[in-house]
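What follows is a single structure, and I will ask about it in a moment.
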Amino acid sequence: MAGSIYGRLFQISTWGESHGKGIGVVIDGCPAGLSLSEEDIQVYLDRRKPGQSQFTTGRKESDMAQIWSGVFEGRTTGTPISILVQNQDQRSRDYGNIMNTYRPGHADYTFDEKYGFRDYRGGGRSSGRETTARVAAGAVAAKILKELGIEIHAYTKAIGPVSVPENEYHPEEIFQNPIYMPSNAYAQKASAYLEECIKNQDSSGGIIECVVTGMPVGIGDTVFEKLDANLAKAMLSIGAVKGFEIGDGFKVADTKGSINNDSFHTKDGRITKDTNHAGGVLGGMSDGSKIIFRAAVKPTPSISQPQSTVTKDGENTEMIIKGRHDPVIVPRAVVVVESMAAITILDLLFTNMSARMDKLKNFYGTEK
Amino acid sequence: MAGSIYGRLFQISTWGESHGKGIGVVIDGCPAGLSLSEEDIQVYLDRRKPGQSQFTTGRKESDMAQIWSGVFEGRTTGTPISILVQNQDQRSRDYGNIMNTYRPGHADYTFDEKYGFRDYRGGGRSSGRETTARVAAGAVAAKILKELGIEIHAYTKAIGPVSVPENEYHPEEIFQNPIYMPSNAYAQKASAYLEECIKNQDSSGGIIECVVTGMPVGIGDTVFEKLDANLAKAMLSIGAVKGFEIGDGFKVADTKGSINNDSFHTKDGRITKDTNHAGGVLGGMSDGSKIIFRAAVKPTPSISQPQSTVTKDGENTEMIIKGRHDPVIVPRAVVVVESMAAITILDLLFTNMSARMDKLKNFYGTEK
Amino acid sequence: MAGSIYGRLFQISTWGESHGKGIGVVIDGCPAGLSLSEEDIQVYLDRRKPGQSQFTTGRKESDMAQIWSGVFEGRTTGTPISILVQNQDQRSRDYGNIMNTYRPGHADYTFDEKYGFRDYRGGGRSSGRETTARVAAGAVAAKILKELGIEIHAYTKAIGPVSVPENEYHPEEIFQNPIYMPSNAYAQKASAYLEECIKNQDSSGGIIECVVTGMPVGIGDTVFEKLDANLAKAMLSIGAVKGFEIGDGFKVADTKGSINNDSFHTKDGRITKDTNHAGGVLGGMSDGSKIIFRAAVKPTPSISQPQSTVTKDGENTEMIIKGRHDPVIVPRAVVVVESMAAITILDLLFTNMSARMDKLKNFYGTEK
Amino acid sequence: MAGSIYGRLFQISTWGESHGKGIGVVIDGCPAGLSLSEEDIQVYLDRRKPGQSQFTTGRKESDMAQIWSGVFEGRTTGTPISILVQNQDQRSRDYGNIMNTYRPGHADYTFDEKYGFRDYRGGGRSSGRETTARVAAGAVAAKILKELGIEIHAYTKAIGPVSVPENEYHPEEIFQNPIYMPSNAYAQKASAYLEECIKNQDSSGGIIECVVTGMPVGIGDTVFEKLDANLAKAMLSIGAVKGFEIGDGFKVADTKGSINNDSFHTKDGRITKDTNHAGGVLGGMSDGSKIIFRAAVKPTPSISQPQSTVTKDGENTEMIIKGRHDPVIVPRAVVVVESMAAITILDLLFTNMSARMDKLKNFYGTEK
């Protein structure tokens, strides 16, 4: 079934398997006239790349972005942008037990049931490596958003039990630690926790938080195409994500209307709100406040401990997954969250342009 | 912007405002040959209808479903099914302060900013009344799913601080209390809490849980069109929902791979799992277990307490929202959750049919 | 299968059968702030309505448009517009032979094969009556286009052998004859020919031509979403249309590049062309000239002569189709052509808005 | 604007410019388990490749297809198939006058107006070279269709005034002449005509006809997603196509119902028709007969004669287009027509699978 194309007007079409020749994305609907280079994309890919720290897989991939179309003399032409990343570390290996045995927490079993067989090498299409393509597209979307005054920043809020409290946020520290936490102090605690996980041949989950600033008011539709609904899909489309919440999220279950409602008031001639329990969205539309949402990320399913499972033929067995794996997915997924948010928001900005007659007439030059 | 059409092959197109002539939905892509009557739809609508208990608004709406097309001699014809519900209690009122003042927690302000003006009567299109149309479509989707052996059951897990623990679930009690909780005992506690809210002119949030049984393995795509990603969008598209989680959800942040991975094993010749931390989805595809997910619902924003806000012209003011309002959205939203889940899952079942050559050839009769 | 929703950002969802309760359309994505009344729609419906002349069916339908949503205080709100036309002349009849016998040239056989059975009353969903809904939506699209300075005019170019030569066009006469020909003189010839057809219990085909003026340059995409490709689909989606051509159309097969190329030149500071073999489209995009295209319409398949055919059970038989039928579809289809063209072009205008960074930045207010 | 993605369930996403690094396509929604090699694709590409005869451009392109994803151990995996063709003959040239002057009959002017600037090298994205990607995808679609018993054959019906009459068709001769005509004798006449065109620095138009056999009955929807409507869009999406007709096409304008209706009768227990004026489609759905349609192709706009035109700055000028160009587009477009037809039909076969409850239940195994 078709499921690798995302978006309505800013559309991305991703392809590639973990151990195939490469990974890529075609971006359709990028406006013409954006200054764009491979370097713009590389900056994003480098944040997702393996081998950045002791907490990421030892796989060697330089993940060099090549632009194959859609850019001419340094500017986008309005035609599809094809970005390709060649796989390097795809040498033949002994995939023995992965080939015939279903790894717990992975898509091996469901893939086989759906399609009849699978490219078992490194998880094939279900590998986290697929997100390389999303990040390449995200770099483009984020660059456009920036020109429109919109910025998206994600970071690690929690790793296992180590969660950065809001009053300890130091945004400037996010890029100072390999975990992308807004606090070097908490990042150290998290590192210690992860080292413990590695020692125990185990892995950890965590939470990524994302903030969007500069959004115009009114982006998103009031029924199905709500801004938050689209962000929720975007987040859950990332492999290991098991939960999404916006603003106060699950905390709203045990609160009261009198507390949860954000009061409007006018300040300096602009309508604004002092609190932001809603997370920047009212009735599915951006309300001009910061958009704040979170994604819960499960622990890396690939652990070196022996695990009970079954073979393709249904025989009960025990398996040990060889190789080095990230003890936590979170830090490398931070830029994936940013990318999916950027792509999603940009698409809504595009579809929003025909919402009003006055703006439509102004656009097409018939408004006096 | 277009945002009231949902789905890819089982498509619903909803319309209608809170105080307009009516509410309706057009279902496009319903298979031919389904036995369908207005009664089938009514059963669902009655679960969402106002006036069921002291915890629902006093608005008088019989919400009678009329089928206008797509059904002939009691069976669906494969053509669009138009379902219409006339609004009854739409008499002209004094909407005075709603018209010019922005209710906190509502879409009044964002709607005005996006569209330039709004139908202020009862929230217009942003009213929860819009979900009537979804429920009508959900009744049809659920009926088809049932014929395929798939059942969807939602219920209230929590109201404010009153949360039913899993070991106290009595599914047979769900329809025995007005709160749709799987425990009459907890429903009583919740009722007491809600009465307190009413007394304090306040409202409460809560959590809805939903369980899907009978799913074939492999439904959903492994990249963007993941089953859980689509469910997340479906849930967040419901007005007051601020969070979504599947399986262990946000709890995965503070767990370990060795615990979170569900081991496979073979029982009675079928591959199965003893635990279900994943909530029935692996790599975006259904894994044959029960699908379990939750939605966090915010407290009703309409409360009778005075609230600070601004007028359309940006003047700071205080407003009191008149009329009786549900002190909690959760019980009436239970069937909305079921409906959106049914519509979403059915659509994925349809798109999944072309996933394999062998099944495709078998379908079109060329497989020997 | 889903197939009654059309468009990407200006989306219409039509429903209804020939002899069901009614026919309707939901328009999703109509910009807010358009002045719109039922009368605006009625003007269009009246041009399609049966019973306008001796050449249209005797079915009595007043075809009164009712707007059920999306309009508030005379203006569109940006939310779905539901338009409903009740069927009046739907009294029970003797459908005897239509029910069990397949009418040649109709969808009876293919419908039964696809769906297993059908609503045989008056052709059900396959009836030309379905276009009522398209015309209602077309009236809205055309009104928006007009505010953008774009006008669409269709007319009958040919009925059987009677074809109006270009040098005999009198556009002001189009609404002066029941055939909607741009020449009363040719309309008389066509009338005589049609009367002959009626006498012989036969029917005639014809050609509808359509002209679009005021198009901005650059509307349409250069690959799949070409303006002409979309118009072609729009035209062939109308029941009896068997051919589409733009500009010189099929004549290009036997011409030469030196003749067919339209030379550019500058006049009054504007780039223009003296000839218009291309019909106003270059590389899939509007080129600023008039857009001219034609649709070939087959003769009404319902004729009163005895015809050989088969029953549902495959028995060879002869059938006579009772009742009065239009001896030609063309005149009533003229407004359907205009409507589908309007809907199609408007949708492309919407999707085109995000084509350029400079315009995007200007729209969202970040261009200095 | 997004416009390079085509299809609903069998989706293709094409990219690439005439003189960029390469041309490619991502196929999303290809069923798993299809045997597929680069050779399968190459056979199709070779039919479109330049340099096959004196009537095709001298550009040197080996057009070697590389599969980068979606195929494992010789079979499709159900994941996106990325096919890439590197451009070879993309050496830097003197594009001088093309860069600043608008070629008549080309998209230079409209592209500049839409996007603000363009990749002028060889027409950039508007070049016929873009169809390489469609043909690569068409090869895959055609292979699947063949396994379902459906075959698509296109050929040249006419070049300029040389048209093969139906009673002179010799299908076995199609691949025996460089023009792909079903008659070597007429191909010789056409060759003589084309040589004359070359001598006169001119070009010719023509007509491509396409026949589809083996279609199940009922494919296509009865309203917007008609089989013929989709084919019309597919054909007009090909650069030089200016007209589309199915069955008798434009001839229906001057015929009568009594002639145009194809009578049903039963032969050998199967319902069939002796005539096929409809071209295999009734009410938008395939009727089990051969599907026959035609596309009118304009003369190559690039001719060596001096032509009047304007510069980017609007100055009137005369230009001579250098280089060798195909004097006719038709022969190389034959396989493009086949490809677009295959992709379009396959997509409708996929969406059709959920049309009936009985088949749906049978597919998901709940029908007893």
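All chains are identified by letter, namely A, B, C and D, in their written order; residue positions are counted from 1 within each chain.
What we mean here is this: contacts are C-beta pairs under 8 Å (C-beta built on N, C-alpha and C of every residue); 3 or more make two chains touch, one makes a residue touch a chain.
It should be emphasised that the depicted structure is a prediction, and the values quoted were computed from it without experimental measurement.
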Listed pair (A-D, B-D or A-B) duplicating the B-C contact set, over half by residue number: A-D
Distance-maximising chain from chain B - centres being C-alpha averages: D
Which of C-D and A-C has more C-beta contact pairs: C-D
Approximate Å spacing (C-alpha centroids) for the pair chain A, chain D: 38
Chain C and chain D, separation of their C-alpha mean positions in angstrom: 26
Between chain C and chain A, distance of the C-alpha-averaged centres to the nearest whole Å: 44
Touching two or more other chains - residues of chain A: 1-5, 8-10, 14, 29, 32-33, 78-79, 114-116, 125, 222, 351, 353-356, 358
Residues of chain C that touch chain B when the two form their complex: 1-5, 7-11, 13-17, 20-24, 26, 28-29, 32-33, 66, 68-70, 72, 75, 77-82, 84, 114-119, 124-125
Residue ranges of chain C in contact with chain D within the complex: 1-6, 14, 102, 104-107, 109-111, 113-116, 125-126, 130, 158, 160-161, 197, 200-207, 217-226, 228-237, 239, 242-258, 260-266, 269-271, 278-279, 282-288, 296-303, 305, 307-310, 314-316, 351-356, 358
For the chain C and chain A complex, residues of the former touching the latter: 8-10, 29, 31-34, 76, 78-79, 144, 147-149, 216, 222, 349-351, 353-361, 363-366
